[in-house]
């Protein structure tokens, strides 16, 4: 079985998620399309990098990502850094002929995304973005039902991504609240996941009309660089700095196929943790999904007999996509880990088969176009074509 | 205890709902602010009217609503007819000095609403619109929590009213699908309920941006005039006629107080029956409600201790607004009936106390302004001021 | 349409529930099998009785129930008093040839129940017990599915009735906590509803093994006779008296058809209000019901295709038993009222058709046998035959 | 950081679950109490063992488990085989001074369990049983709340473990349906998980009264030895053999502290996949948990203010036990994997700290006593003391 040497750049939350996927993928998908080998990991400091190698099971470590790019033994560059370094690293990796697995969103701006896409196309490497939520088995099942026509033609899509880990103004100012690093706020960080799901399940988006808001305008300056998300104890005593990205976005969409939709993403949704939901109405049925109860897909088939109609709560398991590889009983438990394991499998399989991965840089670029249109729409207070 | 003689115009689904409320209100709210007496009912035919009187417990019946208006013994005119007759009847009733309880939406158009409002103001009669859902105890409780500041300043409101009783194209063309009678479709019929709730809980709406759609363009001509909603067996064999109203509407709103929101109402939401929901994010907490599980209100308080935070599922009962009058144990069961009983109480109480009822013709007129703005916005593809 | 004159004995919570049913039944079921006329109501005091007549819409009132029994104009005796007077009134009513609608449980003891059953049989009057929960449309639908064989042969039944209105020891000592009036506590008051449902859906019970507990041993003496359930403000200052009935009961059952089951009823289930649930496993599917979400029935059909299996959440409506009479759209809202309206319909229809009503005194007597066996089982710590 | 060499015996579903835990534990709990090294794995055939080593990332493999026991480099013996080999392997491991991590239930019989316990005590090795579900963060949180007195004194516990992967008679006869290998059926396989949770949360069990049933009496003989649980396509064509274990068990319990409870475990619960639930009533509140929605704990605090009482749906995350080690946002997703990672951490930590692990062989032995008492109770139809 072919081995693929991985160089992972970044040592935070996402490094953890990717590392477990590399370790576990062959345990789940067997025979595996290839065995990822955790070769080298890069962090900003010597101490951090060494620690990360021990923790995440990498053979080596470095503080210079360029070393990894230039290492001929490395097959895969895994970019798990904040958004501001995606473009530079990815373009270098593409030029070095490495396959690229990159965290979402693709980059800070449309221009960066365009350059990345161009470099990837030129080099022909397999490239993939870590919009992992679409790998939730229940969402893959939704895709299957839609493709089978089980709910007919899609009329509307309504999606949300609601969080509250930073609804408290005392949560410090990590890079996710800074435009120079993140590009945008709730829109890029979480809204893009829903856009990815909408494109996956419904299709290309033609036009948008949206509103961006920032409710919390300043936050405490953070000690240290690490992005700790909801694990930081909030404090109100330290120096404050400006939040220059959105923390709430709401928009309507028109899909190219004539469907319409609405999407909301917020960091101020008290009580909602990782509330990725969508409801799709077709002319033969409906689908509802809530990631907080991710083992379940709710599906309604209009052609069920008159007195037996109702949303079915389907627990994904062996009967469903990737089910035999995952766990042998539904509801044994799909967690975040499993979404990353499936993602890893799809990526390695694409490399092995010499095929395009999805979602790839082209998808990421299109999502950037959509985000740009939303921002423009919010400024100009009107519908804007995405140009996708 | 003062008795109030009621003349009810209409003999369909709403006549039933109003009649049970008149009979039951004093049983629940005791001592009652007054005893409604079911004096006379009006239907289009002699047979229908006679039958309705027997069924709904009215002392007399007529086929001429004007007779009721002109009867000096009648205190209250209850308008439970399709939208096209609201204005004419209400204006006549106001001129005759009768208190008016009128089904929603107020009328077909802004002009009709304006005339009704003017007549009601001139005569000084108590006037109320049957947006009954805001009387659901859980919604009244939401109002109380918001007024107490329990969830802080409101940031966003997201509401839906999804139905599927007419998602099947074979459901016949009742008056609800005809512009000349109904004015609008999903917007006026169900969307206005959510607008009413949004205004009740958040405040006045300043600007809207929306999309109206009609997915099902023709339906079978119906035998007989009665509006049977979901009880009609669908058929595909009869002659077809055009649906000239919307069956789906989605819009974003800006409230005058700076909050924003989005609302969707559809008749094509397979699997959703009477799915009136809202989620409100405040800066101190959140509220979620789903009418399909109407005994419950979900509330999240951000100031709960760090490890005990979570949406509370509160079952409304004696501890909550109107609770002692309703049933002596939560979850004994709030149904449609109870919303109408509370509504009846509030109306009779307003008459007794000589105060304004809410929502009244002024509210109804403002809702018409909002609907007009949504329609205009959908046509012109831009944000439109409501003029409220 | 024939009118039936009703004499209602009792003026509390149940008088309200029955009165609204008499008023509303023909509004829902039309043409009605008969029109109940609220003729006379009886309460202990002149003031109470007069007040009740005004409130519940009765033509007359009395303080002597015997007067009602002796009145030849009265067709129906409705017994809505505490358990200790059921036998005396019912036997007198039977002897006077009146049809009898009696609150549950049938009586305090097996002996009382036996005497009531004997009297009713002798006179041949229609007799019915107000186990209203089985009239919830979702439970009637469960019965239909079971009868159709939709879930195959029943293997197990698991039921609960959990409440918390008296979980606080400061809730006063109403008659429901006194053996001399109530007979038993949680067992008779709420456990019998689940037994009724189990018998309705699964069949006769052959043997039981149970545990009765009393966790709260004393309560404040109550001012006034009225049973206020959850509406009483608790207090800890007044004189205490002994609770001599159970407040928790749990038991296993063997049905005559070979199925087994377990049932729990408690007054100490903090957070559960009127939590009547059951789950039935058949060899072809399963059914789950929770009265707190009573518009819904959850059904699982094992013969659904492999990747589309899941509990269906069916919202009862026009497509289901009694659905066309109730409300024209599912989830418009089934409340406590609707269960009583259906109950009233079934009772009046039985009278009109000259047929037996169910559940009747024979059912009530059998439920007493089961309760007796549970009590014996708890004392003797072993399985006990019910003798049904 | 100390490394611990692991020898894993078994190569099925559980080998996968344990292997991912060994790989991932330090990624989550960092600094880790020790680094487990996947040294050697054992399967019945050379081919199987070799394949397993490649798949699960072990350095070596063998077909003789005794070799692992005798290898002085091995620190930990992980027993992931069917129940019939637990005793022999565990006793040998204990005698060889290896720490033991053993799948549940501890063994087939009380005698085997007793011998294992004796051997473990004698050698003083750390021993632990893989009742992993108690490691679900929500259950650990329940334990914390109970220990804090947040729900007061516990009155009752009601637990279930309902499955349906073998509700279809065509699912083949794996070892789980054979008494000679498994010891018991639903009781040992899944019922013991609930018993473990009950003991963990409430305390020791004094007396039981139960019913065991076998509804499906024969199944197809299986090709190959592997236990495939729900991933096997059912077939009705092959040769049949007898099922000689229970597939449904229901029992009541009396805890030593005076609480009571009831527990049901079934393999015939159509629609229930891995439905491990419990509801605990205390005199100050209640707790409800459902593993199928395992990110959530439902808690009700009776001392919440009168109009704000309701079950709180708490999503476990950084604010809760082990939360900082797991994922940085609640509802990011707890899966089966995470329960095994926490379990692995607790085991390695016990070794490092030289302390007892829980649940250990003593717990397993006591659970066997309880199972024995349930079986005896079912045969003799009466309450039986457990002897714990």
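Every chain is named by a letter (A, B, C and D) in the order it is written, and numbering of its residues begins at 1.
The rule is simple: a contact is a pair of C-beta atoms (placed from the backbone, for glycine too) under 8 Å apart; a residue touches a chain by one contact, two chains touch by 3 or more.
The model shown is predicted, which means the values in this text are computed figures rather than measured ones.
> Which other chains touch chain A while also touching chain D?
B, C
> Go through C-D and A-C and name the pair with more C-beta contacts between its chains.
C-D
> Counting residue numbers used by both copies over all numbers at the interface, does the chain B-chain C contact come out same (over half shared) or different (under half)?
Result for this pair: same.
> Rounded to a whole Å, what is the gap between the Cα centroids of chain A and chain C?
The computed centroid separation for chain A versus chain C comes out at 53 Å.
> How big is the gap, in whole Å, between where the Cα atoms of chain B centre and where those of chain C centre?
Measuring from centre to centre gives 33 Å for this pair.
> Mind checking the centre-to-centre distance between chain C and chain D? Centres are C-alpha means, answer in whole Å.
Chain centroid spacing, chain C to chain D, equals 41 Å.
> Which positions in chain D are in touch with at least two other chains?
296, 309-311, 315
> Any idea which chain D residues touch chain A in the complex?
Touch residues, chain D against chain A: 1, 13, 16, 19-20, 23-24, 26-28, 30, 32, 35, 51, 54-57, 163, 165, 228-231, 273-275, 291-296, 315, 317-318, 323-324, 327-339.
> Could you list, by residue number, the parts of chain B that touch chain D in their complex?
Against chain D, the touching part of chain B is residues 141, 144, 296-297, 299, 301, 304, 306-315, 319-320.
> Taking the complex as given, what residues does chain B use to touch chain A?
Those residues of chain B that touch chain A are 151, 155-156, 158, 160, 162, 167-168, 209, 211, 213, 215, 248, 250, 252, 254, 260, 262, 264, 266, 268-272, 279, 281-286, 288, 298, 300, 302, 309-311, 381-383.
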